[in-house]
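Below is one structure; the comments refer to it alone.
By letter and in written order, the chains are A, B and C; residue numbering begins at 1 in each of them.
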């Protein structure tokens, strides 16, 4: 990925603010729109600051890849991919090892909430494209995939959302951008379904004490509740209803 | 106080995972239990009055059930079967043997696939569907077979109850206002036969309007007004 | 594209019920308690032609790690460091469910988790591997071969990688006048410099129970798995949740605590196994 930028001298200034002016527990502006594609059964466009991802869902339907069918539930097919123009230096469109791992990680973040037993022998396909990468792409992808699944009407136990927590200058910070991710001391992506109290994605690159990790998890879960509320607003807002 | 009217009807949307308070009945596949409470699995509308709580899914699928009458679109065929798009995650299978009533003494002609072609609609009944195979269809029953006249409109299956209306009221309004015949199949396909093309156009527009405004109040009255207005405008 | 796994072996209901009832009594099918890993044996130097190697047996799971040190170029953004490359193969002989072909998502995940867990805490002193900054440096090729799979190739692989790295030697070399490198691959003298040791600790969640070092049956019936990388000071230097279930907040805390304690056991067992290995070899 981007190796052109220089490591900043400091990540947190004297007023306790980060390079982009945020406080340690502040998220970037989150925007979620659903139903943005006309062909897909469900779709969502999500941005966390400059990170922008789009997700599309097809299914449940009978898949061409019949070898992967399961007799008692729907299969989830998930593709996480970064568009060539999404990064600072153009990235080749061929799938990288990172995209292969993240496709698995994103799928495993969605499996616990999809009611897949309702549709045996079908496939639910989720395609996520990172359109612009500024840190936290896999967690924004989980959020977009969740909103797209709900937009498609795939029965789910709950919505999921994700956010990446980092550590810079010894401080735990929420929703890291690319500079904080590349040059900081840790990157801990977390995704969860707040209505179910279930953590579905959890990774760490970097070094943290257990105490820092626990604090980071709590910080992430709080932000995830907020992001799921925004998902719900986007879904409900797409329907016109005279509520009383 | 008039005890006949539903008092203080609260209407609110629920997203997947949210609790539906006071929901008692089993609403099928779009409701589930977690943490001891009933929750929505798809985006839906909750209508709660003092007497009862109803949950209307606004998204969802047609899930085949044995006995359902559906309208399928022929998309391909194999050596002995037609394969039908029944507006569902599953593909319907209609055998050549069944279409020509072989069990009832009929005979399969030399060119069976010229009798029901790709692109044709067919009204059929689901005779078998379980988790191990695709739904099996039959046309050997009253009123079933290839759709020969009129047109077929596809709507989201979750909108079917609204097109029929409470106690069939919406369907009755459509029929009496347009003079057309409507058959609403549970898989979201509506077969419309009208005296002429202009009325058919109006009928299709009315169905689309119901689909879009399905959760707004006073829809039946507005559909009636819409159809009457359109008929006046088009002189039919 | 990632698919829901479709070729996993089926665990009979009888077996899974008996495993769960044993867990209720604090036992597992191989008579372990919930927090102990299986027996570990490590043989180092098993591949003579490699710069370093180790064969690890964690219960019945077997992993062979080979380390080759080859001359190469540093990455542009780290001109004064050597290069680490980790690859892993889940070879078809290891399990009826591994298919031949290029590394799949599981093999790639294993390699990347090991790579991150070494790179982020700077376990290998990559600065000591530079020959000419910006131009020439040693590349440490770590190849992990899972030969026999009875659950938890993560922990076994990292033990193998650690043991192999601890016994890896750099070759002697000369630089000609034109700047070419002549490598004497048969003269392995300088030990590879390690700053830290790292272990991976995998726990599986089965219902309400957290078990350390799951065997294959336990992996197959588990809701979810968590692999944590620890250094000897108890810092977490990597984490990866996998499989199709999830954790509540308290289950995650419990798994982290249990893993931390188990990491101490792993470091001790690593030392013991290497001691035994030295005596035998």
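One rule holds in what follows: a contact is a pair of C-beta atoms (placed from the backbone, for glycine too) under 8 Å apart; a residue touches a chain by one contact, two chains touch by 3 or more.
If you're wondering where the values come from, they're calculated on a predicted model, not measured in any experiment.
J.: If each step moves to a chain the current one touches, what is the fewest number of steps from subunit A to subunit C?
T.: Tracing touching chains, the least step count from subunit A to subunit C comes to 1.
J.: Taking each chain's centre as the average of its Cα atoms, which is closest to the average over all protein Cα atoms shown?
T.: It is chain A that sits nearest the middle.
J.: Give the label of the chain whose average Cα location is farthest from that of subunit B.
T.: With centres defined by C-alpha atoms, farthest from subunit B sits C.
J.: Please work out the Cα centroid separation of subunit A and subunit C, and write it as a whole number of Å.
T.: The mean C-alpha positions of subunit A and subunit C differ by 27 Å.
J.: Mind checking the centre-to-centre distance between subunit B and subunit C? Centres are C-alpha means, answer in whole Å.
T.: 55
J.: If you average the CA atoms of subunit A and of subunit B, how far apart do the two points sit, in angstrom?
T.: A distance of 36 Å separates the two centres.
J.: Where in subunit C do residues touch two or more of the other chains?
T.: none
J.: Among the residues of subunit A, pick out those that touch two or more other chains and give their numbers.
T.: Residues 193, 196-197 of subunit A each touch two or more of the other chains.
J.: In their shared complex, at which residues does subunit B touch subunit A?
T.: Residue positions touching the partner: 9-13, 15-18, 29-30, 32, 34-35, 39, 41-43, 45, 57-61, 63, 89-91, 131-132, 158, 213, 215-217.
J.: Taking the complex as given, what residues does subunit A use to touch subunit B?
T.: Subunit A reaches subunit B through residues 59-62, 71-72, 113, 115, 118-122, 150-159, 193, 195-197, 231-232, 235-236, 239-244.
J.: Which residues, counting only subunit A, touch subunit C once they are in their complex?
T.: 3, 65, 67-70, 73, 75-80, 97-98, 100-101, 103-108, 111-112, 116, 186, 188, 192-193, 196-210, 213-214, 217-218, 221
J.: Over in the complex, which subunit C residues touch subunit A? Could you list them?
T.: Answer in residue numbers: 1-4, 6, 75-77, 105-106, 108-109, 111-112, 116, 120-121, 226, 228, 231, 234-249, 252-253, 256-257, 260.
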